Structures are given as C-alpha cells and as structure tokens.
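In the two complexes below, chain A is the common chain; its partner is chain B in one and chain C in the other.
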Partner chain A sequence: MDGMYILSKDHLRSFLRKINKANRLVAPIVNRHGDTLFSVIDDLDYAPYEFNQQSQNGIKSFFFPQQETIATYSSQDGDYSFTAPSDEPEPTVYFGVRSCDLMAIMHMDDVFMGEIKDQQYMAKRQQAILIGLNCNHPFENCFCNATKSGPFLGSGFDLQFTDQGDNYLVQVGREKGAALLKQWNQFFTPASEEQIQNQYQLSLEAMANFQLNVHADQAIQRLQNGQVPEEIWQSLSLRCQDCGGCAFICPTCTCFTIVDRKLSADHGIRLRNWDACTFSGFTRMAGGHNPVHHKTQSIKQRFMHKLCHDVKEHGSPSCVGCGRCVDICFGGVDIVRFIKMAGED
Partner chain B sequence: MQTIATENYLPQSAIIHKIINENSQIKTFEIVFANQAVHDSLKYLPGQFMMVSVPHCGEAPISFSSSPTRTDAICLSVRKAGQLTSAMHDLKAGDNLGLRGPYGTPFDMVSLKDRDLLFVAGGIGLAPLRGVINYCLDHRNDYGQIFILYGSRLPSDIAFHEDIKLWQQESGITCLLTVDASEPGWDGSVGLVTKLLADINIDPSKSSGIVCGPPMMIGATLKELSNRGFADENLITTMERYMKCGVGICRHCHLDDKLVCTDGPVFTRAQLKTMDVAELR
Partner chain C sequence: MTNSINEIEEAEVILATGSNTSEAHPQIARRMMTAVDKGAKLLVIDPRRTRLTELADVHLQIQPGSDIPLMNGMMRIILDESLADRMFIEMRTENFEALQEMLNKIDLAEVERITGVPLAEIRKAAILYARARRAVICYCLGITQHVAGTKNVQTIANLAMLTGNVEKEFTGVDPLRGQNNVQGACDMGALPNVYPGYQKVDDIACREKFSKAWCTELDPAPGLTLLDMTHSGANGPMKGMFIMGENPVLSDPLLDKVEETLSNLEFLAVADIFLTETAQFAHVVFPAASFAEKGGTFTNTERRVQMVRPAIAPIADCRTDSEIISEISTRMGYPMSYESSTEIMEEIALLTPIYGGIIHQRLGGDKWGLQWPCPDQNHPGTPFLHKHYFTRGKGHFIPGEHTPPVEPPCEDFPFFLNTGRVYHHYHTGTMTRKSEALNRESNQALLQVHPDDAKRLQIREGDILCVASRRGAIQIPAQITHAVAPGSVYTSFHFSETPVNRLTIDTQDPIAKCPEYKVCAVRIEKAP
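Then we have the complex of A and B:
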C-alpha cells in the first residue's frame, strides 16, 4: 500500500492495541512525575501517551543503550574466551517519533550500519518499525528548520502521521510501514486530495512558527572556512561544567567507551557505555598525556564534529535541531549559543 | 584483508609464547593465537595495531613491533604506562591475552620501494618502526639505504638491544644511538635524536623519513627533516591516541576530522598539516 491514508483519532488506540499484540510498543508517555518520556507501554488501556509535549528523551537509548553488555568473558585453565550476548531484541514499534528524532536515527544508521555493521545496534534496528509524527507546532527550543531535519519529513520513517484535528493523515514510507498498514487496513481510508493538500498547508504554518532564529548554515560555513576564532572555543570551554548532559540527551551523540566488569576471579562482562567528547578523560592516554587541552578546547570537538566534520562526511550536520541541549546545559554552552557566537563578527 | 572481530568486538584467545625484557619499562611479547587456523589467517602490515585484552582490564591498542614476513609469532612491544599495560607486564609465558584486529592504515610499503629510508625513533617509538625495519630487511632488494636514529632518555633506557646489534652488523644499514642525558659507562652521543642527523649523509630527494616517538619529538623531528629538504609527502609518522573500539565508531581517537584508528595511525606530514594536530602545534 502506497500513498496517503486517513486514520480517525477515535481508532488510534484500537490500532495501537492491534500492533501491540505482536510488537513491543514505545511512545511518549507522561510518567507520575509529569515528565514526558519515550517509554515501553506496559498496558495500553491505561497508557497516558502524550503527543502535545516534546519528549524529554529521544529514542537513541532503545538502539544504543546507556549501558549494554557486548560480551561475557571467562579466563580459566589456560583459556580466555569471549562470548556475544544471546538475547534477541523484541520487535518494537516506535510511535509518535518527531522528525528530529527520526533524522537522528538516520544519522545513527550511518554510524553503526555504515562501513562497520555494529551487531548490537543492527539487531535492535532490524526489529524496529518507526512511525513518525510531523510537528505542526515547533516547541520552544526547536530549530530543525535551520538543520533541515524537520518539522515535516519526506523520508526516514516507515509510516508518518500528521495531526489534522480529528484525524491523522498517514503517509507510507518504507516497506515495513506498508506491510503494517496492509495488515490493519480496516482502520484506514484513502485520503482525499483536500486532506493531502492540508498537510502541505500545515507544514507551511509550522515553518512560520519557530520561536528561535538560528543561522546554522552560516556557522557551518564559517567553521569550514576556518573563520571561527579560538577565543570562542576558549570562552565556551571555560563555562563547560564537564557534566556530559549535552551528549547524553543528544539524539545523535554516539561516542562510547568500553569497560570490563569483573564478576568473579575467572569471569566478567564487557560493557559499552555512553561517553562524551567533552570529558577530560575522553582523550587522556595511559601515562597522563592529553592531546586535547581541556580547559580551552573541551567543547571544540563536539561542535566541529557536529557542524563541520559530519557535513563533510555525510552531507548534513549531526545536529537535528531538537533543542534539548539548550535546556540541559547550566553553563549555557549549548549549540544554539555556539551557532550565534560563531556567526558574529 | 582478514580481520578478526570487526563487527562484534569479540577478541580471540591468544597465548604468550615468549617475553623479552627490552629495558626496565618495555617488554616485547611474542604471541600466537590459541587456534592455529586463526593464527594462519592473520594478515597484517607494519603500522597496523591490535586491540589487546587482559582479563578484567579492558582493551588497549598496541602496534605490531613484528614484521608479517616473520610468521611464527606476532610481536607487541609494550611500555608499562597504565592499568592494562601494567597488567601485561605481570603476565608470563604461557598466559593468555585476547586479541582482535588488525586495524588501522599501515605504512605504504609499496610507495617506499627503491627509496632510501630514514627511521627516527624516540623511546617506545621504535616499537612500530621495528616492524617496518625488519620488513625492509626481509625485502632487502626492494629498498635503498637504511638509516636508523634512535634516541633514549638515559643509556639504561635503551631498548631493543638484540635488534640494534643485528642492524648495526648489517651492510647498507646505519644505526646510531643517542641519549638525552648520560650515565657512567656511556661513551656514545648525548643530545636530542635530531642531533644525529649531522652524522649521516642522506639525500632528501630520494629518501623518506619515518618518525615515531613522544608527541614533542614527533613535531620537532618532522620540522627538522622538512628544513633539511624532505618533502612533506615523504615524511611519515604514526600517531598514538586513546582508543576504545578500534574500528572508527567510538571516536576517542579523533584527530580533527580524522580518526587515528581508521584514517591512521600512519599519516604523512602533508596530511597532518591540513589538520589541527597537537603534535604539530
């Protein structure tokens, strides 16, 4: 099934219930503290899913967990051997994923399924169906218009929903989405020309609704031309509190570390953990030498990688304009601040 | 090229066959894979590295100090510097290691053919160059004159005595040593390794310089060789960075827009000059 369909909002829960029978379901849920977070839905009948707030997390951690076991090892009787974890990821439908977070997954695919096929990531990714939700109303810190990663997407999803008041316009992306639609076709009716036109109208209105005015292109160009003075890195690095919050909340930050955890004298597990290039220990070598001068350069790699190196390598920045780092950084060293400073003469 | 465990990070079991004490801080480990078929399938070139695991200590990248022309065992020469390398120094022959690799871009041994080669090493920096030098000796007709300049902090820090003895006996090879500071009994050269350049007669137009050592030494030596007429394309070094994955994903080894693990560790000065590199600052 190609093309555009309509799902009445009255049928959303029934549709989700059907797909939940064969799939784990992940969607933005309001927890008891009032936080909206992408979470696994345990009981759909009582799940307070929330599509009017920006989820505080992206869906990165479902594919690239904050900590995961990449091997178990044993070392005894002259044998030192490693075994891959045997757990198979569950088939999972991610529902209500915003354009920025979908673009972030496309970026992660480049990292983990490019030249190197990371088995841990790929296993989870192959079991995923991504259902996007276009953004009619960008949130306070959003600037995906500047990073060309929203608010409406043309690809990167299996299905994409657009809120049209009492119904959703449903667009088919990849094969998995078409199959899902075909399987549950009783919920969908073909969209009228008017409804399809309405999506275009909504996308134009969304573009006009951004509160921030971020000139990412200008900053990218100045970085490429070497026009960003060292003083900017220095002044921002001095304000960085070394908390790693920006990297952890960022849906495209994928730097990691690998550590062994001893479980007994002769066996243990090897873990992969999120890491942040802003940490002083990120580049410190055995013996103490550090090629990055932490006080003056700690944030340089972060912004160079996102706005310059990845543009060179992949054709687009690895910032998707979700704005989450703006709120999380108490040093004010977020990417919006940097882009503004880099653009000034 | 056959590579072990690129996509699932699973090391293969290997056995330490022999340990050579190069000096008080450096040991060379001669290693064979526990599985003979794995050992036989290993294909590498000088300049590449292996990710080495020691039980409960994680992994670290270690350059080959052996040449692939000598297939009985691979050699990894390790200076005691951090947790993993200290644990390696506590191991004995017969003990196990985990190995995955080889990783990284090697020295381009083809483009070095017919050239005179100047090796300049400082301290443990001789380890990766030892693999290149022995490769050249095993393909002696392919390469021109060989000059080896090796600097150590103190006479008692000089490592790779056995190799140096062999190199100094070989015709067509000049191997000179120097130390930063003398000790009783030393009657050799005292001074930085670049001082030894005055003692050799080399034509930069038909030579390549291959440099490895501490960060400061790399930068200073490349600059000195450049001043003496070596073209940047013919000045080659191998870089060291903290590393976790070895395959270009974890990004610990970033070097401006490149990664040392995949784009390097071998770089020419021409490449490095286009980047923001601490060693060249």
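Then we have the complex of A and C:
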C-alpha cells in the first residue's frame, strides 16, 4: 500500500490497541509529575499520551540505553570468561516520533550500523517500527528548519502522521509501515486530493512558525573554513558547568564508555554507559596528560563534531535542531548560543 | 539566604566571597552567569583563582583569613566617598556610631598590607558595590570555616547594612547552604541549642511548649556541639552515640582524636546508606533508605520547603530515617507511631511558627514548595527576608576587628593549607565515590601548588608529596597550577586515601564552634 491515507482521530486508540497486541508501544506520555516523556505504555486505556508538548527525551535510550549490560564475566584462577546477554528485544512500535527524533535515529543508524555493526543496537533497531508525527507547531526552542531535519520529513519513518484536525493524514514510508497499514486496513481510507494539498499547506505554515532564528549554515561554513575564533570556545567553555546534560539529552550523542563492575570476588558485569566529550576524563590519558585543555576547549569537540565533522562525514550536521539542550543547559552554552556567536562578525 | 535563588539573576552587582560557586553551587553560579550576561558586575573575594574569578570584573585575591580587614577597608572607602545609605542606617539600624568609630581608625595602607590586595582594586570593588541599586553578597564556607567565622559574617552584615543592600528584592545577603537539606536540618533543630524553628532550648516558654506537645520533661541545658562530641576522647563524657548520615571519621578535623573517641564508646550506632568509614566503627549499623526511597520534604538554601516522593521502594531491609528513629525511640520506651511523613509535617507546623502554614497538601501538585517564614495556611511564603524590619527589630552593627588565623605559616611550616571541594564529589564521597563516571573524572585528591613554589622545591606534576602539619602528615600527588597563590596550597577532603583532616586544625570559632578548616600551616616535601 503506497500513497496517503486518512485515520480518524476517534479511532487512534483502537488502532493503537490493535498494534499493541503484537508489539510493545512507546509514545510520549505525561507522567504523574506532569512531565512528558517517551515511555512504554502499560495500559492503553489509562495512557495520557500527549502530542501538544515536546517530549523531554528522544527515543535514543530505547536503542542505546544510558546503562546497558554488554557482558557478564566470571573469573577462575585468573582466567576470565565473558558471556553476552541473551535477552531478545521485544518488537516495539514508537508512535508520535517527531521529525528531529527520526533524523536522530537515522544518524544513530549510521554510527551503530555502519561499517561496524553494533549487535545490541541492531537487535533493538530491527525490532522497531517508527511512526512519525510531523510538527505543525514547532516548540519554543526548536530550530530543525535550520538543520534541515524538520518540521516535516520525507523519509526516515515507517509511517508518518500529520495532524489535520479531526483526523491524521498517514503517509507510508518503509516496508514495515506498509505491512502495518495492510494488516489493519479497516482503519484507513484513501486521502482526498484536498487533504493531500492541506498537508503541503500545513508544512508551509509550520515553517513560518519557528520562534528562534538560527543560522546553522553560516556557523557550519565558518567552522569548515576555520573562521571561528578561539575566544568563542574559551568564553563558552569557561561557562560550561561540566554536567553532561547536553550530551545525555541529545538524541544524536552516541559516545559511551565501558566499565566493569565487580559484583563478587569471582563475577561481575561489563557495562556500557553514556559518556560526554565535554568531560575532562573523556580525553585524559593514563599518564594524566589531556590533549584537550578542559577550561578553554571543553565544548569545542562537541560543536565541531555536530556541525563540522559530521557534515564532512555524512553530508548533514548531527544536530537535529530539537532544542532540548537549550532548555537543559545550566551555563547557557547550548548550541543555539554557539551558532549565534559563531555567526557574529 | 535572605533572597531567593532566582533573584540573583536580576542583581546589578554580585559580591561572591569565600565561595567557589561554580564547583560547589553550580545552580547558583548559573544565575550569576545570567546576571553577568545581563550586565551585572561580578566581584569575587577569593585567595584562589577559580572559574568564577575568571568571569569576575574584580578579583580580590586576599591572603587567607584577611576577610575582615578587606571588608572594613571597603566600608571605610564607602564612608569616605559618602556612599553610605544614611537613610537606611537611620531608620533600620542601631550602633552605627561604634562601626564608624572603628572604621575611622583604619589605615588603608595597613589594609593593603594585610590583605595583599592593591588598594585601587579594593576601592573599585567598594564603589561598585555601594553604588549598585541591587546588590547581593553570596558567601560560603570560605567565610565561616575560620576562627573568625562569626565576625566575618557580622562584617558582611555591616557592609550590607551600611549600604542599605538588604530588605529589597534582588538585594541581600546570601549564605549558600551545601547539602540539599542542611537548611532543613537546622530548621528542624539539628543544632545543640534550639528546638525546631530556632526556638531556644534555654527559653522556658519554648521548652514548656515542646514539653507539653511531646508529653515529657525536657532537659533545660543545650546539648553539645559536634566537636565537643567527636573530640571528647577516650575518657571523655561521651558513652554512646547515634550518628545518622554523617561521616566524621573523614569530615572532622583531628581525625586521630575522632577515631579515639569513636573506638572507645560503649555503644555506637550508625545509620547510613553505605558502610562508611564511620559506620565501620559502629556496634550496630542501620541500612538507611536513600533520597529516592523516601518521602517528606527537603528545605533548600533559599528556605524553600519542597516535597520529595519515593521514586522506588526501599531496597532490601533499608528503612527510612524516620522509621529508624521511631523504632529506636519506641524500643527505648518512648513510643513514636507516625503513620506518614504528612503527620510529622503537621506536627512541625503546629510547633514551629516559621513553618506554621507549611503542610504537604500545599506543597504537592504543580507547586514548587513554599519559602519560610510561612506562619499560616493563607500565607504565600516569603521570597526575601527583612522587608520593613529585621527579625530582631533594628539591624545591629557589630564592628569586627581583624582576627588572624590561629596558625599562620612559620619557618617550619611555611605554607598556608586551604581545604575545600571538587566539582565531581560530594563531601566524604559516601555516594559519589560509588559512581564510575564521577570516579573517572576525579578519583584522587591533588595538592595544588603554585608553579613558583614547585620550581623552588623542584616538584613536578604528579610527584607524591608528603604534607605535614603540627598534627599529622599525609602523602598526596602534586598538581602545579596558578589556581593557588605562591605560599599557599590547596586540596579537597573527599578522599579517604588522603584524609586531609589529619592535618587541619581543630581551633574553633568561639561562638559558632566551627573549626578553622580553611587555614592551617603545613610543610611540603617530596615523599621519599
């Protein structure tokens, strides 16, 4: 099934109930403290899913958890033996994923399923169905227009929804989406020409609705030409409070570190934990030397990676313009501020 | 804090003294940076160079323990420049004459000599502070952990009152409290001389009120201070102790003395979330629930009482602190049976005027807590203090004279040792040293040494140094840095492998009984 379809909002919950039969369901949910987070839906009848607020997290952690056991080990007479975890990931449908977070998954696919295949990531990824939701109303700190990763996306999803008031326009992306649509075709009717036209109109309106004005292209160009003065890195690094929040909240930050945790004299676990390039321990060598001067350069790698190296490597920046780091940063050294400073003469 | 945390963002001048704010209070530092972005002037008094001093418009790099001469000098300049707020002094304060008399005797050249700060810098800071319409002073343990700690604080108060920099929004004196709930612990009477809400033990009316509420006779004598207890020694008055969430075997000065006291107790019980150095001395250890496993309130540095809800059930046999206390009390013959922390909060409201209107129902939902004083349930809480009048009525100037550190450097011990904290660890590391990520960032104490001193003593980065004071010695790797001034060294007290409190002095401020952690004399040499 190709093309465009219509799902009435009245039947969204019943559609989700159907797909929930064979899949775990993840969607942005308001928790009891009022926070909107992508979470596993335990009980669809009581799931307060929320599509009018930006989810505080992306879906990164479902594929690349903050802490993940990558092996258990035991030791006997100085010999270590390692066992890979045996748990199989559940088939999961991610519903209501915004363009930025879909782009982020495409970026993570490049990292974890490029030349080197990360088995644990790949296992989860292969079990995932991504249902996107285009952004009619960009949120306060959004700038995906500047990073060309939204607000409406043409690929990267299995199905893509667009809110058209009483109904959703549904667009088929990849094979898995088509299969889902085919399996539950009673929910869908073909979209009219007017409804398809309306989506185009909505995407134009969304582009006009951004509150921030971010010139990422200019910053990218200046970084590539080496035109960003050292003082900018220095003044921003000085204000960085070293919390790592930007990397942890970022849907495309994929750095990790591996630690062994001893659980008894003869066994333990090997963990993969999120890491951040802004930490001084990230680059510090065993002898104590650090090629990155922490006080003046701690955030340089972050922005160079996002806006310069990845553009060269993959053709697009690995900042997807979700704006989450703008909200979370203590010191005001978020990427929007950097882009602004880098663009000033 | 007399202000709320967010008010710092709107100040015109911020004077930070004795505070390494960006490492110890990053959430406060963040507001300072925002204020600087908005054009505020940042003045920092610190014997060391920190991230904050790098951002500062004026950094007064004083000699350790010369805070009073510096601030007295600033006040003298403010008087000379006619920048004192005469109206405020007249209407809201008393004893100004005594301050003025003392200030008039000050020789500013002497101030320059004692503090080691050029007079022009002092003048610049004084005038900026005095001219500001909205100025806050943030201070921390660099002010209080001195033998002159109380006088330091009084001198800060003098400076604020002299310029009328209190009583208004965005303007005040803000001691930065450390732990998430140290303010709450003090509010609840975890001090030797007061009941909850700073109601004095030796006040008959207060005592009778609590006696009636608790249906028991109460001892009219104030209790002992911390070091009176942990330093009482092998033959001291202490026979038994119950220690909760504190690790004096690493955090108190004269660790040998602390160990002697604890190992000679007839009975020691410790409640903590991990088996700390202190818990290892205990006869009985209670595994306590962590912050994530208990409900109730924490009160932060801006006097804000906030709800805490259990995120997970206590793991294994852990119990919450209130359950541990109630159970011990019950078994010792005074039954306590609170059905929940809500019931405890109601008792606090009943007996503690400043918490009179604070009950759990007002703290839940989308509310961000209430700031005391909050005397009744219709009261919205108090964002900043001392509007219209001070707690005691008029603000009383208490002139303070220079009180030098007890142990200045000498020929045998030629360096100032200053102790403090690093960003990645919290106090004695009971929690933070369990984290692989934080340990990677920092897993050992380093002794900061100025490059000039390092060169003279032929010390290289990473050399193991033997640092000795009159009380003990430790071995510690060197870090060569301009963060410290020549003649001073600095390290942190988080690490049990390098217990720096074997070196620190136990001489205390005579009123607050806080030991002089910030200054003692040491000698350093390369370890053999």
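Remarks
Rule of thumb we're sticking to: the second predicted complex is superposed on the first by the 342 of 345 C-alpha atoms of A that agree within 3 Å, B and C clash if a C-alpha of one lies under 4 Å from a C-alpha of the other, contacts with A are read in each partner's own complex, and residues count from 1 in each chain.
Keep in mind that, in the parts below, a residue touches a chain if its C-beta (ideal position, glycine included) is under 8 Å from a C-beta of that chain, and two chains touch if they have at least 3 such contacts.
Please read these numbers as outputs of a predicted model, since none were measured by experiment.
Once chain A is used to superpose the two complexes, chain B occupies space next to chain C without a clash. Judged by the touch definition given at the top, the superposed model places A:Asp334 against neither chain B nor chain C. Once the two complexes are laid over each other on the shared chain, residue contacts for A:Lys295 go to chain C alone; chain B is not touched.
In the superposed pair of complexes, A:Ile116 makes contact with chain B only, with no contact to chain C. Our angle of interest has its tip at the CA centre of chain A and reaches the CA centres of chain B and chain C; in the overlay it is 80°, to the nearest 10. Contact with chain C, but none with chain B, is seen for A:Ser280 once the two complexes are overlaid on the shared chain. In the superposed model, A:Asp163 makes contact with neither chain B nor chain C.
Look at A:Asp242: by the touch rule set out above, it reaches chain C but stays clear of chain B. A simple residue count on chain A separates chain B from chain C, and the partner touching more is B.
When both complexes are overlaid on chain A, the residue A:Val259 reaches chain B and chain C alike. Within the superposed three-chain model, A:Asp79 lies in touch with chain B and out of touch with chain C [touch as defined at top]. Taking every C-alpha atom of chain B against every C-alpha atom of chain C, the smallest gap after superposition is 11 Å.
On chain A, the surface touched by chain B in one complex and the surface touched by chain C in the other have residues 257, 259, 275 in common.
Here chain C touches chain A in the complex through residues 22, 26-27, 29-30, 33-34, 37, 51, 54-55, 366, 423, 436-437, 440-441, 461-462, going by the rule given at the top.
Those residues of chain B that touch chain A in the shared complex are 6-11, 13, 15, 34, 53, 55-60, 81-85, 94, 96-98, 215, 240-242, 244-245, 247-252, 254, 256-257, 278-279.
On chain A, the positions that touch chain C within their shared complex are 34, 238-239, 241-243, 257, 259, 261, 271, 273, 275, 279-281, 288, 295, 330-332.
By the touch criterion given at the top, residues 70-71, 73, 75, 78-84, 111-112, 115-120, 254-260, 262, 266, 268, 270, 275, 277, 282-287, 289, 291-293, 301, 304-305, 308-309, 312-313 of chain A touch chain B in their complex.
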